[in-house]
Amino acid sequence: MHANTPSADPLIIAGRSYTSRLLTGTGKFRDLEQTRAATDAAGAQIVTVAIRRTNIGQSADEPNLLDVLPPDRYTILPNTAGCYTADDAVRTCQLARELLDGHTLVKLEVLGDARTLYPDVVATLAAAERLVADGFDVMVYTSDDPILAKRLEQIGCVAVMPLAAPIGSGLGVQNRYNLLEIVENATVPIIVDAGVGTASDAAIAMELGCHGVLMNTAIAGAKNPVLMASAMRKAVDAGREAFLAGRIPRKRFASASSPVDGLIG
Amino acid sequence: MHANTPSADPLIIAGRSYTSRLLTGTGKFRDLEQTRAATDAAGAQIVTVAIRRTNIGQSADEPNLLDVLPPDRYTILPNTAGCYTADDAVRTCQLARELLDGHTLVKLEVLGDARTLYPDVVATLAAAERLVADGFDVMVYTSDDPILAKRLEQIGCVAVMPLAAPIGSGLGVQNRYNLLEIVENATVPIIVDAGVGTASDAAIAMELGCHGVLMNTAIAGAKNPVLMASAMRKAVDAGREAFLAGRIPRKRFASASSPVDGLIG
Amino acid sequence: MHANTPSADPLIIAGRSYTSRLLTGTGKFRDLEQTRAATDAAGAQIVTVAIRRTNIGQSADEPNLLDVLPPDRYTILPNTAGCYTADDAVRTCQLARELLDGHTLVKLEVLGDARTLYPDVVATLAAAERLVADGFDVMVYTSDDPILAKRLEQIGCVAVMPLAAPIGSGLGVQNRYNLLEIVENATVPIIVDAGVGTASDAAIAMELGCHGVLMNTAIAGAKNPVLMASAMRKAVDAGREAFLAGRIPRKRFASASSPVDGLIG
Amino acid sequence: MHANTPSADPLIIAGRSYTSRLLTGTGKFRDLEQTRAATDAAGAQIVTVAIRRTNIGQSADEPNLLDVLPPDRYTILPNTAGCYTADDAVRTCQLARELLDGHTLVKLEVLGDARTLYPDVVATLAAAERLVADGFDVMVYTSDDPILAKRLEQIGCVAVMPLAAPIGSGLGVQNRYNLLEIVENATVPIIVDAGVGTASDAAIAMELGCHGVLMNTAIAGAKNPVLMASAMRKAVDAGREAFLAGRIPRKRFASASSPVDGLIG
């Protein structure tokens, strides 16, 4: 009996295969060297970049993120952080495509509110439709609403990315049943995006069957970002393996003849 | 900045140093080959053996656990599973010492109840005193009562092993504040023993600052024990690293000026 | 110092004042007599009626709900349960208005899925706009998405009714932070609708600051519906009073100098 | 079908019958008038008094608690708050018996630690044995250890009072399964003592089947203690009624054929 190995259990997004299920953000680090070291410790193969805030070539004289995270080694995932309308988000994706020579994989987020950074799901649906029609491979940040997650998949998004909790909150998975519902009905990868605070939060998301986790603040905001990146890498793999391994049911004690019965929660 | 590596962060029990913080039980597996494979996948260096139920040489004609888990590679930790009195537990430890040629490291458990397998803490205190006086290095299974945990340390136990939840329940950590209180006041290793169900449970225990986790059912009872062993190994390391890395505080959202305030729980 | 009494703390919906904050459904009871007894024990003043499933006069020969819950004693709240499109929901409200002689207060729900009964929030927004334009006073069932809750208020809904968990699930409040966010930003009453399972669930919703709770299955599906109705009445009042009374902060122990710090959750 | 009324469902302690299941402490209030008003709003019939800190006649010149809470209207329950040894606790009970003319009902608590106020269960067992032998009716504060709870019952205590969480913490029930285990095995009343923070916490304890709740800080420390006392009264009754009424099982959604299965927790 072999343990499933990462190579036997790839994450496939837009036709491309990844062994890592931990996607990382590139913002909020102290400097580019820390970005590089944390990304490396995370084992990330997909790194997301806020096009409006990050220099990936727009400013020729300033440090370029792509120097430390070169596109031949990482899948660069431009995102629309800071966009509050569908128009803005679509334009930002188009800008990214130009900057990255025709690159079509993007992470769409349309925010509803600067205070909570909660998504505007109506504008998100509209932007997703336009981007898919325009040939983009859209990974889409959304709430944990199972109906909307399915609709985004039906629009043609290549991955749906529900939040665990508000961006930067570190609260961990707030609604396990919604995530479970989304995962069980999905035919595209479900990547938890936002809200993870520590390693166990990432493991919980993966144990629900989610296919990956994307995070930035939980790593960049830790006291030791590089060590936390390593923790998250292991937690994501641990959660994936635990999901595949099939956990024991929760019972009141070993001798109980059946699992907990839903009366105590 | 280096990530803390296991070699820089050893678990020291009774003067001996371990790189692994996942201790495993040896019961409930399908056969000795599965025991071996799962123990290997767990990366365990300390394996606990129920002296009353396991052949480690008492029956010369039957398969011997020590053939697959040789004492020169693993620290064998005899335990008193199935003992309901201090006398029984003490006798069982003495038998183990004989069988293992003077070996003094034991895991004491005195159960209060066959249904819940909850510890009898009064008998546990009595047995711990006798065993320490008799020269044993006692790792002791107990409830999550912080006062008792401290007392067991003061008696001279080399590690205190509070439960997360009842043995074999898979319920995960039921009382985080009790474990935190125990850990913060301890001068010996605190090893969570019993109740872990899946990878995130182990990570949570470690994130509280516990120094290790011991489990058996969660691995042996999984659909794929070897893969779950691998998951648990990663989860324990992930939780340890997340603890050391210093997580971000939980806030209602990124823009909140202070952590959650204790009014919502 | 006086305790706030219900009369001093009314719930005001569409300009009308209520002393009860527990709204009840009228379906799923054994018979009309049990409906009447449970509604009475609940102290409900607003009772919701599924227009497509309940006889309030459409079938002259069959038992009429309004005989046991007469509109001169109860505010009848027609709802659009079973509607999966905005068109259906709008038509159902118009039918209710006819049946109830110009009655304009309705509870809008547009479902996205027969399995989960989760709302279709996009269709809900569309229907809400049409109903408000048509002169209805719309109380609206929605998800716990704070952005959408605010938008429904801005459209002109007289109350926003986020779910605690899926209809009929009994899971209780799944996402406290979302409800809190909705409540703190609202200028209309927030009534938790769906997902309550037992008394403490209702109390928790009210302690978050919600202005009322609507339930049906938790009462009608209990072994003793009338007694559960009484429990829910007390729980809603208890939660309201606790919210107004200002609870003590959660601390690790009495001597702790500050509340729990957001690192343990 | 009648709702169970309090008179049909009395709490019986030491042979005496009570309609109220909310026991309250008398410390930490602003003044005796607030003590009286809050006790009245709580509907408490048993009030506990810290003999070492409260004047019930020891100091003839100072305000006497019994003037506002006269023993002919309330069952006075002297407690041993502040005692850290069995000897101290026994002496304090004997002093109370003298001061109250042969009164035998006492609440025993022997603390293990001034910081956490967690009980010293070993000293508690010893003191309980001595007090029972000396003719006291002993209600006993203890941890949530099911084995110890049973032992205290077997010693002859008339009620066992496990904590929900540390005294004054307001954390609410930390270990539901332990309380459930205690309640299901008990033949004397189980009164949750300590740790309740708000109304829903009290309801949760009662929904587990506990027979009553004792609290002080949650009421006295609220911004409006009298209103919180009223909230707690309703919450305790709500939880009791919900327990008796038989809640619906927790399911993922209404259409699910079985309750939640113990894999998600």
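Should a chain be cited, it is by its letter among A, B, C and D, assigned in written order, with residues numbered from 1 in that chain.
The working rule: a residue touches a chain if its C-beta (ideal position, glycine included) is under 8 Å from a C-beta of that chain, and two chains touch if they have at least 3 such contacts.
Remember, it's a predicted structure, so these values are computed and weren't measured experimentally.
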item	value
Chains in simultaneous contact with chain B and chain C	A, D
Chain whose mean Cα position lies farthest from chain A	D
Rounded Å distance, chain A centre to chain C centre (Cα mean)	34
Separation of mean Cα positions, chain B and chain A [Å, integer]	34
Chain A-chain D separation of Cα centroids, rounded to whole Å	47
Per-residue multi-chain contacts in chain D, two or more chains	116, 166, 169-172, 176-177, 181, 197, 247, 249-252, 260, 262, 265
Chain contact topology (line, ring, star, complete or other)	complete
Complex contacts: residues of chain B adjacent to chain D	112-113, 116, 118-122, 125, 143, 145-148, 151, 165-166, 169-172, 174-178, 181, 197, 262, 265
Residue ranges of chain A in contact with chain B within the complex	1-4, 34, 37, 41, 114-117, 166-172, 197-200, 203-204, 207, 217-218, 221-235, 237-242, 244-256, 260
Of chain A, residues touching chain D in the complex	176-177, 180-181, 208, 247, 249-252, 259-265
